[in-house]
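Provided herewith is a single structure, encoded as structure tokens, for subsequent inquiry.
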Amino acid sequence: MVDQLPNAGREKEMLEAMGMSSMDDLFSNIPDGIRRVGPLPLPDPQSEEEIWADAQRILGANVSLDDRPSFLSAGLSRNFVPSVVGMLATRGEFLTSYTPYQPEVSQGMLQAMWEFQTMICELVGLPISNVSMYDASTAAAEAITCAVRVNNRKALQKDVVYISSLVPPHRMSVIRNYTIGAGIEIRTIEHDDSGNLLLPSAESAAGSCAVYVEQPNSLGIVDIGLAELKSLIGDATSLIVGIDAVSLGVLEPPGKWGADMVVGEGQPFGIGPTFGGPIYGIFACTEKYLRQMPGRIVGQSWDTDGNLAFTLTLSTREQHIRRHRATSNICSNETLIALMGAIHMSLLGPEGLERLALRVAAATEATKRSISVIDSVDLVNPGASHFREFAIRVPGNASDALLHLDSNGVLGGLDLGIWWEGMSDCILVGADERTSEDDIAALRDGLRSWTKEVSG
Amino acid sequence: MSDIFSFRGAPGTGWSQPSPILEESEVRKSIPNGASRKALPGWPRASEPEIVRHYTWLSNRNFGIDTGFYPLGSCTMKHNPRLNEKIVQLPGIDRIHPLQPESHLQGLLSIFFEMQEMLAECSGMDSVTLQPVAGAQGEFTAIRCIQEYHRSNGEGHRDKVIVPDSAHGTNPASASMCGYEIVEIPSAEGGRLDLGALSAAVGDDTAAMMITNPSTLGLFEVEITEAARIVHEAGGQMYYDGANFNAIIGKTDPGRMGFDAVHYNLHKTFSQPHGGGGPGSGPIGVREHLSRFLPTPVAARKSKGAEDPEGVGDGFWYFWEDVGESSIGKVQQWHGNAGAVVRAWAFYRRYGRELEMMSEHAVLNSNYLRHIIMNPDKETAEGIHCMPAEGADTDLVMHEFTLSMAPLKELNGVTGKDVAKRLLDYGYMSPTVYFPQIVPECLMIEPTETESKEVLDQFASDLHSVLSEDPETVTSAPHTTPVKRVDEVWAARNLVLRHPGDSFPGR
Amino acid sequence: MSDIFSFRGAPGTGWSQPSPILEESEVRKSIPNGASRKALPGWPRASEPEIVRHYTWLSNRNFGIDTGFYPLGSCTMKHNPRLNEKIVQLPGIDRIHPLQPESHLQGLLSIFFEMQEMLAECSGMDSVTLQPVAGAQGEFTAIRCIQEYHRSNGEGHRDKVIVPDSAHGTNPASASMCGYEIVEIPSAEGGRLDLGALSAAVGDDTAAMMITNPSTLGLFEVEITEAARIVHEAGGQMYYDGANFNAIIGKTDPGRMGFDAVHYNLHKTFSQPHGGGGPGSGPIGVREHLSRFLPTPVAARKSKGAEDPEGVGDGFWYFWEDVGESSIGKVQQWHGNAGAVVRAWAFYRRYGRELEMMSEHAVLNSNYLRHIIMNPDKETAEGIHCMPAEGADTDLVMHEFTLSMAPLKELNGVTGKDVAKRLLDYGYMSPTVYFPQIVPECLMIEPTETESKEVLDQFASDLHSVLSEDPETVTSAPHTTPVKRVDEVWAARNLVLRHPGDSFPGR
Amino acid sequence: MVDQLPNAGREKEMLEAMGMSSMDDLFSNIPDGIRRVGPLPLPDPQSEEEIWADAQRILGANVSLDDRPSFLSAGLSRNFVPSVVGMLATRGEFLTSYTPYQPEVSQGMLQAMWEFQTMICELVGLPISNVSMYDASTAAAEAITCAVRVNNRKALQKDVVYISSLVPPHRMSVIRNYTIGAGIEIRTIEHDDSGNLLLPSAESAAGSCAVYVEQPNSLGIVDIGLAELKSLIGDATSLIVGIDAVSLGVLEPPGKWGADMVVGEGQPFGIGPTFGGPIYGIFACTEKYLRQMPGRIVGQSWDTDGNLAFTLTLSTREQHIRRHRATSNICSNETLIALMGAIHMSLLGPEGLERLALRVAAATEATKRSISVIDSVDLVNPGASHFREFAIRVPGNASDALLHLDSNGVLGGLDLGIWWEGMSDCILVGADERTSEDDIAALRDGLRSWTKEVSG
């Protein structure tokens, strides 16, 4: 580890300059009663080449999504990230910088984040975006608390928000943790058999602080009925929409059909699934929420010579100024990953985004067609339109079916029983831009052979 | 000025992608009528060469540790070993989905397990979760656990969290997000924890106290065990903000000090690059009595059975262990910032049992820098308008220290912020300014262990130069940066928060 | 100024390595008495953080394509796709030894084979070797083959190689290294090949003619087939310098023009990054009659037999084919710059059959830039002291063109070099200066296909500005670069070719 | 491929500005008789993700040295390159620059190369180094032609050079190609049974233009006799020594025992074996050769403001100025790889180099010990000292032994029959810093089982 310590071997010289004689002198303020004596019970230091060898060996024991046909998506994308993204974002000037508190020497990151904000606004159809949340779930959760802060005073249903019952449980759990402190009550809105939101029941949300729905929802369903939601709940109730960012290459952005806030997972732009993190949450809103929103924001300004310049702005919302009255506790966020996202988005361009969305849509449709012809395998929501994900019902335990597929080298999707007890015979199948005909055939053959096994 | 929205290649310039696997017309049919996007987003249309040049140009207008000394106090801006960046590009982390079966994840699970154990050991805690993705989220998570703990004990009425006035803003913000009322206690003379004030503040309504040690003034709070006793006696829990962990590893730990819960900032102590503001990683550790409230799941292991498939070859089978019914559930939707955990693992492996040496060098550098700043040679001293005051009256500091520019301001109007801006001209990132707020005109300086003596010597000498300069030069600084002082007020008044689309905005 | 030799960490600071697998004392015994090194080399002692900062700092004092427009004529400074850099980090190229058995090398052999075929196809040649590691080595290799060819025909007396006076310096240098006498023929009026001069130069002693087409003036030599006829009739061989291949792919090829041998500069046409001067890659292609003289071995393939182990899955088994007894042997000790070949392969795959489009855009950009430079609007034109003269009297150029600053020099003493230096201030790399030597005060400009119209427009406009500026400003340029004009004469007189060890040298 | 062409789709606009109407107009100068008609018979263009997939698949069909115990070295090192090396050297400002003809904007590369020259000088013990040759073989070849240029006028044996008979044939072939044009005659110096140079026969080289030997030689032998060579051949004959760069961490540099020029492979510092290229050749010499040496050189100078600055110097030796009278035809060289070397060398530092050399020496010794105890396997040069390589004689064909080892997953070394017909029962075994006890055991066991097979 001495390769990390430029002053290793020069301790004495430095101590002497201070009139000290040992490293221990530096820690003499720590009372004896709480001093650790003896070395940490940890292994020997390793050199770079030993760590690299261990990392290759240990991480090599994982099974990469790229090694096999994979239909596991469930909110994270098995995307392709162009090589420039990583190479540019890891330039030391970006990688090793921190929050741009000194705008004079941070214009690069500030401008990149201002461009990021612009691209997110364009993507979702809203005028304001921050520079990232931790992930889609905290973005949803903080959107809800933000809506309550803004709307509660005038709300008829005070401290109440409505959430689609198809929001997956891990996200619900995050939302619960984030809303519990503010005493927010969560009510659910149900869906019909096609997986579409029950609009009549959504009407009861009018007068509450917010409604949170997802488009496409967790079962991949694109629900056109959502376009009417805003008119049902009214202006005083925030419509918060969780999105699949890629889907907006073909789907009308929620900002155009009444969403007050849009949140979602930014990961498909910029970074691989990376075991679920670091990823980044998208957060966009209308002007009404600007001063109550969480997270950092970059604004354009000028320097004293009149040159265009960028700076963090509206910091008075933030914890380092407003402390316990801050709109959020977020401090370290996911800027670097958002930068990767910005680079990826600029490489795609409008038509590249559209092509990407069409590829996912095509793969979804092709997989659906191929799977649904298998005897005794049914679509859970046969009438619905799907993007990226769809659920199937299998003749037996989903977990068994997935195990069978796994032993055939196919990652078949998610056992929906993990999310909802009642769905333990359902699999959430996810297709994506990289899904090939061969992948689909492997899934179909694997499922077919399993259904034969269980039925025969 | 490079303006990415001025790149106007032909439609489709940058997209280079294979075709969809179905005919486009067929695909379009799968999208419900009326839900189709009408106009594509106004993204730039740029080729790869243009993108590369744009972001290269931007990066050259940005300052990182790789550019120069980054003494940003409280942020532990240490060198980020490049090996770690290479490791996280391996498919065994980059191309892994958190919902894959455990048999696909033995490598990652074993790293998670190793990190849980190591962090528990170094902090004197019993259980660790790696789920929180930043320090602030770690605080929030731990306070949520403490909240559930009190509720489970029928003590749900405890509704106050105590923080010293020198605490980082995330402490009160996190507790407040859990619904707690914040009781801020003033520091004693010299910036230290005031036990009297603490005793006065605790009571039957105390849920917890949040404190960092060493404090944000770089002082080791010698009466910390006494503080813990006071809070515990009142029925409260002690929360340790581990942002300053870099100062004490192997020397002491929050367990010994009497804490019940702690967060770590892996991006500080264990060098996950800060990347312009994040990502971070904020694992928390707790004592036994809080373990069952931790977010779920955590990594666990058992001896490998004959029926288990290949693992990592250490004789164990790794798996996710559900924390159980009392768990607060999830704070991030997957397993936290795994990439940061893996980087931190690689970092930790380099030191192993000698992590202690890292803390030693951090504290050595900090004391050395403070010493040479405050003790210029006679000739230099004579040229200085006025020496800064020490932020705290102490002989020793830990990994960071504070200086007050108040004397200078009084003398000639040069503020702490001016000095900070002027340091930019000398090729440094500025120290943290105006935090902690209890030190007037504060500069908070944390050199970290990865700066050489030469850099520290040069910085001290350059700071002395700034203190000797014509005040006008300092107050109008910076002069040599990519842009001059930026008008933050204009930004806040006009709120131009996105590119207007055509060309850059004019005034 | 960052000085790496001033880093003085403790002995062993940067080395972080495992221990030897034997005790040091035992190892020492294996080193013969008296052969042991007495004093270690005076290398810097630096930690990783110091190294990273030093080289980051250095890089910021260097200009690449990523920094800005790089119109360095003849060098084809096109964008280097980043994917290619990622590919060469794969262990399947980075961690491969050229002497591994063929069964370990199926992937690389198949890429070599594919590249040989592709290059042969694009150039109209019959056989290709990838062994030469740069254009100059390609020339040398091909001339060696031609030399052996003549010898094998009993024509060893042919001892002259003809080159036009506009040829790149490597052409005469390479031929001369093979022992040939060089006959330089002057260009005709307008910089074109002078067939009369050629006819006069050829004879019984002609071994070969070396020429590039388009020429270094960016002109397509329309009489090239006639030139080939003249040389062939005299018994000589025609050698094509393929450095300008970027102009013609898919439009014509040296085979059609009548050449017998050609080199390619993969680092130009196929975008291996130039990296401060190299690496390059200079494969050569030859017609049938020269094939048996090529360096050995070349990649070959056969249908995969049942006994062969797994290949790359295309039904072929790849192997090294010995070129045989007549082969000139080796010019590089292994198989050439494989890394460059793999990058070039990845580059080529992006275009496939549409490589033609790459050449179209290279020629489009060149003609467009020349057009807008030479045709400023009226207002601009009025501000210009004096327009450059065209390097060649032609309507069309190919991928590059030349301008002569002679009129300007005559008018006010501003030279081509001054203009070039002044362009640095505008954020451009300068064009090639004073080459080809037949154009007085020459600027040779090659924009390549990867520059946008906006960049070309801006460059033309900035060049117009330079041409309108106060001569004093131009002759004293550059003004904004990391250092001002460098004293090359001092360097050559004093020859300080290494760091003195203590601190940087003083004057 | 359009992602590489910023003006794709804008051709018409640009053509029209010039008064043209089609791309064909741009090529109207090419006579019809030599115009290619119709598209190139090449495959379809591919996108980045398709190329990446193909590259992974195709290059994945190779067997990496890191996948198995490997004892194949033979002049290229299975080294470990610290991760910073690639990350820093591929920063765009370095990667995408060309020869620093404009010093004002090329100080970074110029200074780095000046530092490189310094480190090479320190390594080999000579005062002058250039900024790289193509590889060790061309470096040796051009050193020889350089020596002839310098010494021939006064030489007693005109146009004659002497070369050790253990210089491997591929290098000899390169040397022949480079010396044939100048009419240089090559005579060989033989070695004794221990592989040491026959000094008495070396005496006959006195009065020739140059002597080229290697230390350690191709069989890994460290020959202390070489230290006397210079005194035998005299000042008028150049002593050119080919080195193993790493060995100089423990071996006295040739510059200290009379070498006039030192050449060698730089690859162990900076880049993996990378299938043999790009690598870089080291070239260093004394002042006498300065104006006749090949390759680029950086000198220190000053700018007009009196600041320290660097620039290429002595360019008048080079082809772009001196044309056919140049000292070499080298133009594009291996600067980027030399930069990687410089970074690697500065990371190692003096003690790191020593440690590295000790590791190689230890592995050589340990492997030798372990192998030489196998019955019927003998050291070819039992009395010699070895560094990195040593030759063994096996009871049968080396190629059979290697095939057997290969089927056991061990890359056993080089069949020396490939280099020298008479040695087809010999294997050149190479150890290196990464050779582990386990690797050695695998080699030993594999060889032992094979010897049993052939003998029993």
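Note that the chains take the letters A, B, C and D in the order they are written out, and that residue 1 is the start of every chain.
Methods note: a contact is a pair of C-beta atoms (placed from the backbone, for glycine too) under 8 Å apart; a residue touches a chain by one contact, two chains touch by 3 or more.
Since the structure is predicted, the reported quantities are computational estimates derived from the model, not experimental observations.
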- Which chain pair shares more contacting C-beta pairs: A-B, or B-D? A-B
- Task: Find the geometric centre of each of chain A and chain B from their Cα atoms only, then give the gap between the two centres in Å, rounded to an integer.
- Result: 20
- Please report how many Å separate the Cα centroid of chain B from that of chain C, as a whole number. 47
- Task: Could you grab the centroid distance between chain A and chain C? Build each centroid from C-alpha atoms only and quote it in angstrom.
- Result: 46
- Message: Please output the residue numbers of chain B that touch at least 2 other chains, ranges allowed.
- Response: 7, 9, 11-18, 46-50, 52, 56-57, 60, 65-67, 79, 81-83, 85-86, 350, 450-452
- Note on the structure: Multi-chain touching residues of chain D, meaning two or more other chains, are 1, 3-8, 10, 47-50, 52, 82-84, 87, 90-93, 347
- Classify the inter-chain contact topology: is it line, ring, star, complete, or other? complete
- Please give the residue numbers of chain C that touch chain B in the complex, ascending. 6-9, 16, 47-50, 52-53, 56-57, 60, 65-68, 78-79, 81-82, 350, 450-452, 454
- Note which residues of chain D are touching chain A in the complex, please. 3, 48-49, 52, 80, 82-83, 87, 90-91, 347, 434
- chain C residues touching chain A in their complex are 7, 9-18, 46-50, 52, 56, 81-83, 85-86
- Message: Please output the residues of chain D touching chain B within their complex, sorted ascending.
- Response: 1-10, 47-50, 82-84, 87, 92-93
